[in-house]
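Structure incoming, see below.
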Amino acid sequence: MKQIITFGEVLMRLSPEGNKKFIQANLLEFYFGGTEVNVGISIANFGEKVKHISCVSNDFVGDTAISYIQKFGVSTSAIVRSDRPLGVYFLEVGAVMRPSSISYNRSHSSFSEIKPEMVNWTNTLKKAKWIHWTGITPALSKGAYDTLKAGLLLAKEKGIAVSADPTYRKGLWKYGENAQEVLADLLSYSTIFIGGINEINEVLESNYEFSNDDFIEASKALMKKFPSIEKVFDKIRTPINASWHKIRARMWNGKEFRETSDFDITHIIDRIGTGDAFAAGLIYGLQEFDDYKSMEFASAACALKHTYEGDVNYATVSEVMGILDGNVSGRFNR
Amino acid sequence: MKQIITFGEVLMRLSPEGNKKFIQANLLEFYFGGTEVNVGISIANFGEKVKHISCVSNDFVGDTAISYIQKFGVSTSAIVRSDRPLGVYFLEVGAVMRPSSISYNRSHSSFSEIKPEMVNWTNTLKKAKWIHWTGITPALSKGAYDTLKAGLLLAKEKGIAVSADPTYRKGLWKYGENAQEVLADLLSYSTIFIGGINEINEVLESNYEFSNDDFIEASKALMKKFPSIEKVFDKIRTPINASWHKIRARMWNGKEFRETSDFDITHIIDRIGTGDAFAAGLIYGLQEFDDYKSMEFASAACALKHTYEGDVNYATVSEVMGILDGNVSGRFNR
Amino acid sequence: MKQIITFGEVLMRLSPEGNKKFIQANLLEFYFGGTEVNVGISIANFGEKVKHISCVSNDFVGDTAISYIQKFGVSTSAIVRSDRPLGVYFLEVGAVMRPSSISYNRSHSSFSEIKPEMVNWTNTLKKAKWIHWTGITPALSKGAYDTLKAGLLLAKEKGIAVSADPTYRKGLWKYGENAQEVLADLLSYSTIFIGGINEINEVLESNYEFSNDDFIEASKALMKKFPSIEKVFDKIRTPINASWHKIRARMWNGKEFRETSDFDITHIIDRIGTGDAFAAGLIYGLQEFDDYKSMEFASAACALKHTYEGDVNYATVSEVMGILDGNVSGRFNR
Amino acid sequence: MKQIITFGEVLMRLSPEGNKKFIQANLLEFYFGGTEVNVGISIANFGEKVKHISCVSNDFVGDTAISYIQKFGVSTSAIVRSDRPLGVYFLEVGAVMRPSSISYNRSHSSFSEIKPEMVNWTNTLKKAKWIHWTGITPALSKGAYDTLKAGLLLAKEKGIAVSADPTYRKGLWKYGENAQEVLADLLSYSTIFIGGINEINEVLESNYEFSNDDFIEASKALMKKFPSIEKVFDKIRTPINASWHKIRARMWNGKEFRETSDFDITHIIDRIGTGDAFAAGLIYGLQEFDDYKSMEFASAACALKHTYEGDVNYATVSEVMGILDGNVSGRFNR
Amino acid sequence: MKQIITFGEVLMRLSPEGNKKFIQANLLEFYFGGTEVNVGISIANFGEKVKHISCVSNDFVGDTAISYIQKFGVSTSAIVRSDRPLGVYFLEVGAVMRPSSISYNRSHSSFSEIKPEMVNWTNTLKKAKWIHWTGITPALSKGAYDTLKAGLLLAKEKGIAVSADPTYRKGLWKYGENAQEVLADLLSYSTIFIGGINEINEVLESNYEFSNDDFIEASKALMKKFPSIEKVFDKIRTPINASWHKIRARMWNGKEFRETSDFDITHIIDRIGTGDAFAAGLIYGLQEFDDYKSMEFASAACALKHTYEGDVNYATVSEVMGILDGNVSGRFNR
Amino acid sequence: MKQIITFGEVLMRLSPEGNKKFIQANLLEFYFGGTEVNVGISIANFGEKVKHISCVSNDFVGDTAISYIQKFGVSTSAIVRSDRPLGVYFLEVGAVMRPSSISYNRSHSSFSEIKPEMVNWTNTLKKAKWIHWTGITPALSKGAYDTLKAGLLLAKEKGIAVSADPTYRKGLWKYGENAQEVLADLLSYSTIFIGGINEINEVLESNYEFSNDDFIEASKALMKKFPSIEKVFDKIRTPINASWHKIRARMWNGKEFRETSDFDITHIIDRIGTGDAFAAGLIYGLQEFDDYKSMEFASAACALKHTYEGDVNYATVSEVMGILDGNVSGRFNR
């Protein structure tokens, strides 16, 4: 079985239990996550062979991060170590009208030290069929950007599928490069675009701003600028409040526009990583199903992720298919 | 005060806290439960004198199970011990569209060893006014079936009320007997039937399958086949998803059909044992109220059980009556 | 910056985690609270300088209570110590149709020993701009009533604003005074009335009972009897069940009647102290905004409090304003 | 089987986990205890039939206390309820040179309300063979003293064994009676004295103070003053520090003096209730063994109790005998 | 790098936190363990490539067991699944003179179903350099014995090292075979014997019983009967009580007898798996060091294991070497 | 009352509960600490007025750090905020022969950004009587060094006592200055030296290395080089293993050498911050007692700190004096 490759920072997530604030707590739950490794683990839970590439700290925290990823059967053999600490983020989970808060300690993390020579892309991509990247990675450091670019370049050469989730997070991007240029550069190697109107407007950099209703036009404009992009998938979140969201998705694949109906997530357990579950669902789905079924699968995966604590989507293929088959009634699986 | 007798397996329930999966956890909460002992404890919480009959392991796990039952004032003096381990079940609690999952380790449990000679029914039923059984017990082993049958036979002789919850769980029933025949045999000693269309269809074993709308017809057919059955009560669960259910009930007592309105359980805490709370509410209610009021009491008890963690319904009579009186507003009891 | 003064009992709150009953638990979470100190801490979280006056036990429990209040930057320099134990309350948190239950152990607490000579009001009020009291304090003991009265008397002399939350809790009031007379006495020194029709009816002591729709008439009658009262604010709670409430507010300031729209609190985390958050919001707001904006601010503060565990409202001014600006969508604050 | 009767206050014990101080904690573990009920539960764990008599609060805290006692199979049928709260004590557990600290909230507890007419001694003692009392009970209130005295009087009449642990705790005894007189009064009905030189000196009230080496002389003087006392047992604790104690015992039964060797308790888990375990061991032992063997059994029970968390001694007879047989090597019981 | 192979049952271990008894707990910590997988994980922590062969349940418990083993980088690719539940053991951890207690639920576990045709030994041993077995495996079922024997036979053919820890546990061995014969059969394929006088006496089955001082003679007799055995290693535990042990080791390799000095383990954290850590230390050591140094390494590994919670030895090679270098002073590794 | 000033980094400490390793845990306990703030809090617990000066992150983690310090009544009014994250350290607590491990994430922390212009020393020292510094602060950044130096310079001018704990930690000191020169510079303003032979050898920078027995000679040499130093205090730790230490102290005050006897800390709870407790004990003691008594007080404080979880010494003056009075027997404080 060929591998799916994810590349990106692994962060330690620390949050008080339940909806407590830090000032109330003296215990923190911890998980490891990061948008790309979340995608990788979720795909591994769908039964694919996955390798995650990263750089983690050379201490017991880094050991634990690697162990955490291995637990899901994701290969960690290409993860390198650095003397800098692992990136950390602190999370206070909101409820109803109270938003969640996140505070990062990642700007000098082990991952931001990564350099192209630390990753043997030639070896790694030999057994690969897909590589996934997000806009977080090139935002972190020149080394991260260069390393990613080296991988995408080779992937393009070898005809490996490249999915892009070019999220633009303004608070990052402190090392000097222009975000729009960098993202555009990386999109030129990509085949699947996972994002909505905001992301499209960002990378088009035109004077014209598409509105949320212009999805098809915007997708066309995107594909015109980046001819390697074959399909655009957009997950739409309609929040009632921090505890209750609705999720649906839409797509343009150059030929047809499709949209799913809403999943009604009445009691959110944890919404971190739900976008990553959508991306993972797409990457899995597009290898098994047609475009619309893939999007449905991805939406159901995304919806299910809201019911798991932590960053990771634990759902298996049969659990996602169960949702698509309408089993939402709360019957026990015995 | 005469006793109410319950007879059945006591299981240890192990589940991660909250909605965690096993793979995320390193701590498990444990409770003891089992459909019949849940009924017994709930009735004891209504103030009745209850004795539970079972066979548990002869180790500190069995000691703890007995201690757990004693905590509620239920008599454990007729519980016998065996060298086999107590049955265990593992539970992952779902949310929203994610169903809960249960995995059993009960097939060679201490209870499945029970034999008729281990229970002194003559003594036990001397002080009894009611006995309750479910379809789980005869599914477990020939010994369990025979022991139960011996008790029901004597109960019938002595005119003791016999309530039956003949749930048919296909995954059990591995020791060779035919489920439908066994359940029919046991129903022939029973006076109160707690179940719906599925259960009726199962035990009628006719070619014709009643639909959910045929409740009165089905009940009549049931009573025709089992003339000892005087009343049929059916709890109807309408799930929105795993976190949000509606509960109502309907009845046929040979004379009139009645139906309650829905309880809207918007934030389920724990749905295990809610059917047992309904049965317990009926058994208590039928000794105090008319049939309809009993069914209302049972429905409210069932609804309330959704708000307690664990298998057990902690509600007292006055707490159930408070719900029936419309106090659902979240005011504090000070 | 001048101080806001709160005066009242500090209680230890003990409750099992989540929705557990005591009989299920072997761990209790604890917080410190009490309606007046809750108000004080909430105002301190809005950035005001606050001093809380009380009497706590002279043991490690009292030390911990003081430390807890200091944590929020509230001055504890005027808290005195007594050999009697700190008051305690036990809480079982309900859900859906199950109400929460509270059991008090406060009748011989350290606070009930307080005497006027234990508080140096002259010094305290020198730097004060506002004092807040509730109907709980004069209900506890003659000493508490006398001490409070001494403070209000001096506040009135010095033209310091006095907000009153004259909650009447029948179960208290055991030391011999007549609740209505005492509350009326204390209201005669007060400028802001926080309460609804029930509270107004209680203190008017007339034969006529205003209905919930008579808010303006009732407020006018109140102001007629207590000419020092300038404004009446009423928080209206519409419960769907114990887990889901709606909150709005209305006011009469002698000139205009205004009412806010509802906040829909679909997943309550903890409703204790939500009234105190409303009072704190008003006290803060009336110093910064006009009456209506103050009431909106107070309502949003009250709504937000439902999302925090414990008695205390952790919301800052910018967090409350965020809600008023419509940010309820569950986006992360990064 | 005849019953052993214990009579005394049931307290709720609240302590942070491990060696934390209250100021560090936000969770408290809770147990129920009290010197007499500890003795009762320990004896029940030895297989005897035990009834505990007390008065607990009429709320969910009192319900939980009763449930806790039932868990061990101790009869609670003679426990009465009161509107006053259950007594509480707070505990910070020390280590090495740091002593443990206890703070009580019991002076107006439900038990202190008990009155002789609330206990039907005639019925209770009908099935009794032994009654145990301690010096804590008559220290709490006149009602507690009178109720206890009524029981002892009847016990003496009926020739029931009466064991006395006349601990004198100075901080109690606030209701007006003279401790020495009261204890002497109650000792005059007692047959077994459990205590050391300090306790003997207290109740002798002579000018002469026996030293620790005068055990035989002191015991003789005690027996002279209280001719009903047949045997004196003294547990001797030699602390190295708060985490490491040695325990031995000595006795005078009017005929011979005996002393055990030391148990070396190198890693104390919880020393509360260890004296109660000694008393329970004696009460059990004196019915089964000769005096010396009883004292050995009691010492081993006391030593074992240091290894259990909470107030209660969980050891069974065979576990205590295992220690006496020298099995202290840490081998597993499989 | 060639692999080390371990083969044996994986059990779920459930125990209350700290020294609590089940009757006191409502939470259980869980780990996965089993003597052979403990050895495998420990060797993996020393940096070797390890594959564990087993049969686990086909449910989320089995998934979690596999995930747990993967976490340490041990290959699980040869683990098969069965419909029977995973074996479970319950543990109460003693202290001082209180022994720990274990209760098993393993007699019908998934592992006991294993059959030779479920393991592809030819493939597995292709990349193997060592295989380790214990006396637990052949005690469980005929299938387990046969499967193990098939592996050892092939290992002998291929000249792969075979270490044997032929622990004899009488409570197992219920499927009909004679323990001594079976163990002797398996020892005939083994090269390293890990065990003491008791184990040697058992497998020699002679009339003569060696005493503990006859180690050299006994080893010689063993080697005479089983000529494939080259070396005998014996770990000697001297318990002061359940919390404090001393550990040393001795060896006979056909040429010389050596003995280490004692490690003084003054505060045991968890002694389960300490024998497995000794075996793992030997297997690692014998590939790197001479026999005496290997035994020293193994003893230090065993001693260190007493300081980790759970079944697994987390120590790395450099941590073990640090102990051998005398760094026991409690200085921090920063 | 004049203030004692401490200046230094506040770190978040994160560690698994008990002796768990990170790889075993999913919860971390957190505290705030740092050698200087530990000293400050400990002195505040002795009843002194303390102000801590630092720079913490401008997020909810920094808010929580400030709140944590306020809890102990230490003034935080001079703490400034930065956009960089708070420093973090991760801790795995060892046992017996297993050392504890620490991993830092502090190199780009908020504190390392501090600059002299961020601290108003003139105002701060107006009300100060003592300032304490350690060798950690000047190791972190030039800004930290310069800021500290500015304070010490002014303190010297004003004749304020300056205690120095010039710990040299090699792993820090990465910003370019020479550690020995910097420490010598800062010692030239100091009056009390807290350290031993290693620290003296470091700052003397001579070719000659004093041995541990040369304490008096070494102290004299130190005082010769740094004439402002009046007294040298040295805490001597004799570890048996990571769980069991002995602690004593010695001093040279220019006139006499004194040494205390050992405190035997048989069961260490947490040794972090024990050196800080010694320093705090000295600073408190030297204002109340003679030099020897101060050293005794400091040693007892240090010993007691080993019994508290976390970085902070919770002991009060009367608790320390209790130890000096010989109360180590584990009696309860009731």
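Going by the order they are written in, the chains are A, B, C, D, E and F; count residues from 1 in each one.
Here is the rule we use: a residue touches a chain if its C-beta (ideal position, glycine included) is under 8 Å from a C-beta of that chain, and two chains touch if they have at least 3 such contacts.
In UniProt terms, the chains line up like this: A, B, C, D, E, F = Sugar kinase.
The structure displayed is predicted, hence computed values, not measured ones.
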{"item": "Each chain counted as touching chain E and chain F at once", "value": "A, B, C, D"}
{"item": "Chains contacting each of chain A and chain E, listed by label", "value": "B, C, D, F"}
{"item": "Chain D against chain C, contact positions shared by both copies (same if over half, else different)", "value": "same"}
{"item": "Chain at maximum distance from chain A, centres defined as averaged CA atoms", "value": "D"}
{"item": "Euclidean distance of C-alpha centroids - chain A vs chain D, Å", "value": "62"}
{"item": "Distance from chain F to chain D - Cα centre to Cα centre, in angstrom", "value": "45"}
{"item": "Averaged-CA centre spacing for the pair chain D and chain B, given as whole angstrom", "value": "42"}
{"item": "Sequence positions of chain C contacting 2 or more other chains", "value": "21, 23-26, 67, 71, 101, 103-104, 267-268"}
{"item": "Chain contact topology (line, ring, star, complete or other)", "value": "complete"}
{"item": "Of all residues in chain C, those that touch chain A in their complex", "value": "71, 263-269, 300, 303-304, 306-310, 314-315, 319, 322-323, 327-334"}
{"item": "Sites on chain D touched by chain C in the complex", "value": "14, 17, 21-23, 25-31, 57, 59-61, 63-64, 67, 84-86, 88, 90, 92, 101, 103-105, 107-108"}
{"item": "Touching residues on chain C, where the partner in the complex is chain B", "value": "18-21, 23-24, 94-104, 169, 171, 239-245, 267-268, 271"}
{"item": "Of all residues in chain B, those that touch chain F in their complex", "value": "24-26"}
{"item": "Interface residues, chain A side, partner chain E - complex", "value": "67-68, 70-73"}
